[in-house]
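Here's the structure we're looking at; comments come further down.
Each chain gets a letter, A, B, C and D, in the order it is written, and its residues are counted from 1.
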Amino acid sequence: MKVPLQLSGLRLTYPGSATPTLDGLDLSVGAGSLTALLGPSGTGKTTLLKLIAGLLHPDAGDIRLGDRSLLPLPPERRKVVLVFQAALLFPHLTVAQNIGFGLRMQGLPTDVIARHTDAMLDRLHLTGLGARRPDALSGGQTQRVALARALILEPDLLLLDEPLSSLDPGLREAMRALIRSLQRELGVTTLVVTHDQAEAVALADSIALMQGGRIVQHATPEVIFARPATLAVARFFGGENVLPGQARGGVFESAIGRLPLPAGTADGPGSLTLRPEAVTLGPGADARAARVMECRFLGTQTRVELDLGGTRLVALVAPHLAGGLAVGQSVGVTLPPSALWFLRENPEAPPAVPE
Amino acid sequence: MKRDVLSALARLALALFLLMPLIPLAIWSVAHGWRFPALLPSELSLAAWSYALSPVSGVVGSLGLTFFIAAVTSVIATALAYPAGRALGRLRFPGRSVVLVLVLAPAVLPAIAVALGLQGLFLRMGWTGTIWGVVLAHLIPALPYPTLVLTAVFARFDPHHEDQARCLGARPLQVLLHVTLPAVLPGLRTGAVLAFLISWSQYLLTLSIGGGKVQTLPLLLFTFATSGRNDLTGAVAMIYVLPALAFMALLLRQRSKTAPLPNRTDR
Amino acid sequence: MRPYLMLAPLLFVLCGLFGAALGLTLMRSFRYLPAVGLTEPDLSAYTAILTAPGFLESVALSVWIAVGSALLSAALALATALALRQAFVGRGILTGLIQVGLAVPHVVGAVGILYLFSQSGAFARMAFQAGLIDGPGAFPALTNDPYAVGIMLLYVWKEMPFITLILLASLQRIGPDHEAAARSLGATPWQAFAHVLLPMLMPSLLAATALVFAFAFGAYEVPLLLGAHAPEAVAVLAWRSHTDVDLAARPEAMAMAVVIAVIAGGMLVALAQLLGKAGWGGR
Amino acid sequence: MLRILAVVLLVAAPAEAQTTDDTLLSGTWDQIVAEAEGGTVNWFMWGGSDQINRYVSDHVAKRLLADYGITLNRIGVADAVEVVNMVLAEKEAGIDTGGAVDLIWINGENFRSMRQADLAFCGYTGVLPNNVLVNWENPAIANDFGVPVDGCEVPWNTVQFGFAHDSATLPEPPRSMAELLVWIKANPGRFTYPAPPDFTGSAFVRHVFIHAAGGPENLLGPFDQSKYDEVAAKTWTILNEIEPFLWREGRTYPTTLVQMNELFANGEVAFTFNYDPSQFGLAVDAGIFPPDTRSFGLSDGTLGNTNYTLIPFNATNKAAAMVLQNLLLSPEEQLEKAKPEVWGAAPAIDILRTSAEVQAAFAALPKHPSVVAASELAAFALPELQADWLTAIEAGWRAEIGR
């Protein structure tokens, strides 16, 4: 059953702490969607999961799953499963017993549990490992058992706390795909905590960015990349190009000159952001002249630092396009208007905006 | 080569040293007339065993009583130690180190320091000469061991396992039974065994609180040991030691399956 | 509040029994017990025992027993634990035998020591058969002797395995890597032991040794079985005074118990500091 | 803290129950037996001898249950002083009824202690029917180490100090104190005695003391300091003279009689001694002493005493304890425990007051070859000194000899 999750006005201050960990947090997660909860470490992401799972109780606010509030329910009756970062398999139980744990707690007959467990083992490519002890598993297997142990309960809401952080890069890819496909297949509303934006982008339908105890933006990855709600969001997602300036009559006036803004942008001071990968190099109709300051090969991309009339600009381009560039060389730069995003917000250390 | 032989000999010597005092006791228990300078008894006899096992001697009843007292002491001590060990191992709170010292104190302060005052206290309560009085007295030296073992065990235990179980639909009692207890079981068992052994070999507190009416094996053994009946002493000592050894052997087999060695607070 | 609630049952029993017993001992040692009309505390029991002939000798004997037993046990245990670390045939059996000592009560062990080491015991008989001595009297007095050799033999036998087990657990936790690192930095095996392994073992070694000291210092039944007629171990003296039919000796017995508790308590404080340094019981 | 404790202790004092002592002192024997029925007697006694334990737990207990419906609970202790202390501690704690101890096997200093602290139930002995068999005219019965019995305890056995030697290695032992002292110097390392306050060691020192005094005559009254000082000086001289010739050159002494028995059994010393020579026979039968062990009494006098059973003032079941005491005093039981294979203990009743059959049975008792005949010892009988002398001699020994 696909159920939406609605968090409203959640507040929590840990005893003895001066600042609230959650400060009026709102979030709604669509039924059957996979949302990544993203944010720097220490912002209370895990705390939020524990609140939803019922392991902590908020000072204020409400948590609704479907049409019911979860607050009065103890953890075991919420139909919410939290999978911890450290897989936390019970060391005294076998893999199969670990997976069947929740069903056993419900008092289901052994044969039913066994059937479900076997199905889960197959589904998570763990066939034949049922009799093993947790300490005899590899890292990837451990994570899959933890996931199986949660999914067997067919929860209304699945909470994953950094499920991939303990895995090697190669395994991460496979695990990410597995989570993605299982989630689609089962349609379980899922909230995944991560601090890795690439992972969030690759995994989630939508990303909720958490900062200062609140959700600062909740949108699809595309929107967050192209149209960040704040400068901080932009920076968090690798937005290096921030130009201070002034919007006036649909045009942004800055140190590098006038740039067209999307229609409907109101006048006033602010900043313009531009994804580095949106910058194109080479001659073109709207190209401006810039000088190459530095050029670094990063593997799949080349990072080019440019000086555009005294303003620093970063571009990420395909290596073959940057092949001939040398430091000090002059190059044409095009800033596509569709990639420009205006924020009514000044960067913290603004160079004086020329009027 | 030579070093190997030497260290093998050293190990053999160690094994002999560890078993040494039990050997003459075993021989004495079947000896009749074993005087200097005979290396072995001139005559073997089961008289000491038949007396020790007869109802007259009270040894068998005493064995049961000693076991009962030790078992009850162990269960109570472990039950008290469980929440305390959890608090001490998991939580930081003002006064924690004071509590730790207090918990350790009965293990360090000799029984004699407790026995004198305790006798006066229990006399006034009417608890002397009763089995329960003796159990209460045994609790004092027994408590530190399970408490300290469980403190160490809980310090290593990740309580997220419990959260995880709650998330998987386990009720608090189910979490205790299916997750927490199994996880701390080796420590629980070690602590319980240590408490058992402390009570099992307690002499002075049993003498002062039991007032002779609660005749545990150490008291009985002491009476024979101070009466010059080496054969009876040997037989009673064997009856005393064998169950404990069997128990330890059992524990050892269990333990080799789980944790290879006890925690460092073991005694 | 929660930790205190969890500790409450234990503390209730500890304070209610142990604390009350110690408190009562303390009160009586000061001759203060309103229940029987003694309302003027004084120090006479303490002056009486400190001036009584033999008391200080008894304390000295008990300290000698405790120090000797603790140090000997610790040294032997260290050697044993290091030896048991290597793999060899029968290691399991030997480790099992070490635990045997834990299960054998002191009284039993003491009688066993008596049968082995007395002048007519097993070793004396062997010496006689080998022609080394011409009678029991020629065998050195090792039990019921003024130097308490027999008592220390028993404690070494009983407590060495205890310290060994603690050290083995420590060794297991420490693992071989630190020593290996030391060796790769140019330390000889001995240097790696003395400068790396031993310092890392020290907290548990000291803690265990302190426990053995405190126990050997205050034990009663072993010196009663294995001790000489004079001087007596201080615990024996205290219990004898306590069971003296002369009621006047009671406060003196209590005062002796307090002296024992204070000396053993000194070990407890030292131990607590050591445990604190080792971060014992911490997360 | 101290105040709270004090209050707790006051509150916790047990409640009083009414006493039935008057019935026991004035009632008829039948009333007492009726009251005793169904009761339990907790008899605290030294428990180190399997023969005595067996006699009491097997034989006496069965008769007591069969004849009177009373359960006997024998409680073995390592030393009777523990029991005295228990009763004392109970009295101190205000437990005047319902005490743990119903009967104690006791004599000597422990009896004096119980009398001094008023811990004994007294004045009832005349009620026991078998009391008529006891010759209270005999000062050795009427006085327990010089302390008048005063109806506070009932005699059980009489004993007399005997020496044991191995006739295989020492066919002709010295038979008087004077000869013994000479023998000790001629045979270095072959003699010792347990350090007082060991009961037996203390008795040996008293033999030397009486020897030094030239006989017991001047010592029989109450304690006399000047007399003591004079004799004690001589005694310590004698003991210091023999000390270098003792076992381990007298640097140490056995702490208990058991240790000395061990020395004797293993041939380290030539003698052991015991206040109850029947123990020699039991030790030979148990394989502890060499089979050729023989015993004798010192011809210049050997101390004798009587041991008793006593009911503490706060005993729970006085009536049942009295029935048991009466049973122990019966001719049948006195005869039973006199059998060498049972125990070999000499009777505390006057045999002449028993029936002809009992007298004949006593006369026909087989004699253990290792146990000196009571009649032989009786010829050298010395009365025990009063307990105050004992205390002084023990303290003097510890100060002068056993430092």
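Remarks
Convention: contacts are C-beta pairs under 8 Å (C-beta built on N, C-alpha and C of every residue); 3 or more make two chains touch, one makes a residue touch a chain.
On a predicted model such as this, the values are computed, not experimentally measured, just so you know.
Common neighbours of chain A and chain C under the contact rule above are B. The minimum number of touch steps separating chain B from chain C is 1. Remark: the per-chain Cα centre closest to the mean position of all protein Cα atoms belongs to B. Taking each chain's centre as the average of its CA atoms, chain A and chain B sit 56 Å apart.
Rounded to whole angstrom, the centroid-to-centroid distance between chain B and chain D, based on C-alpha atoms, equals 37 Å.
Taking each chain's centre as the average of its CA atoms, chain A and chain D sit 92 Å apart. In chain D, 9, 13, 82, 92, 262, 265-268 are the positions where the chain touches two or more neighbouring chains simultaneously. Residue positions of chain B with contacts to 2 or more other chains are 35-36, 120-121, 124, 222, 226, 230. Chain pairs that touch, as defined above: A-B, B-C, B-D, C-D.
Those residues of chain A that touch chain B in the shared complex are 50, 53-55, 74-77, 80-84, 86, 88, 90-93, 101-102, 104-106, 149-150, 153, 159. Of all residues in chain C, only 20, 23-24, 26-27, 32-36, 53, 118-120, 135-137, 141, 144-146, 227-230, 242-245, 247 touch chain D in the complex they form. Residue ranges of chain B in contact with chain C, taken from their complex: 7-8, 10-11, 14-15, 17-25, 28, 35-39, 80-81, 83-84, 86-91, 93, 96-97, 99-118, 120-121, 124, 136-137, 139-140, 143, 147-148, 151-152, 155, 197, 200-201, 203-204, 218, 221-222, 225-226, 230, 233, 237, 240-241, 244-245, 247-249, 252, 256, 260-267. Those residues of chain C that touch chain B in the complex are listed here as 2-7, 9-11, 13-15, 17-18, 20-26, 28, 35, 80, 83, 88, 90, 92-94, 96-113, 115-116, 120-122, 124-126, 128-129, 136, 154, 157, 161-162, 165-166, 168-170, 172, 204, 207-208, 210-211, 214-215, 217-221, 225, 235, 238-239, 242, 253-254, 257-258, 260-261, 264-265, 267-269, 271-272, 275-276, 280-283.
Residues 31-36, 43, 45, 51, 55-58, 119-121, 123-126, 128-129, 207, 211-213, 215, 219-220, 222-224, 226-232 of chain B are the ones that touch chain D when the two sit in their complex.
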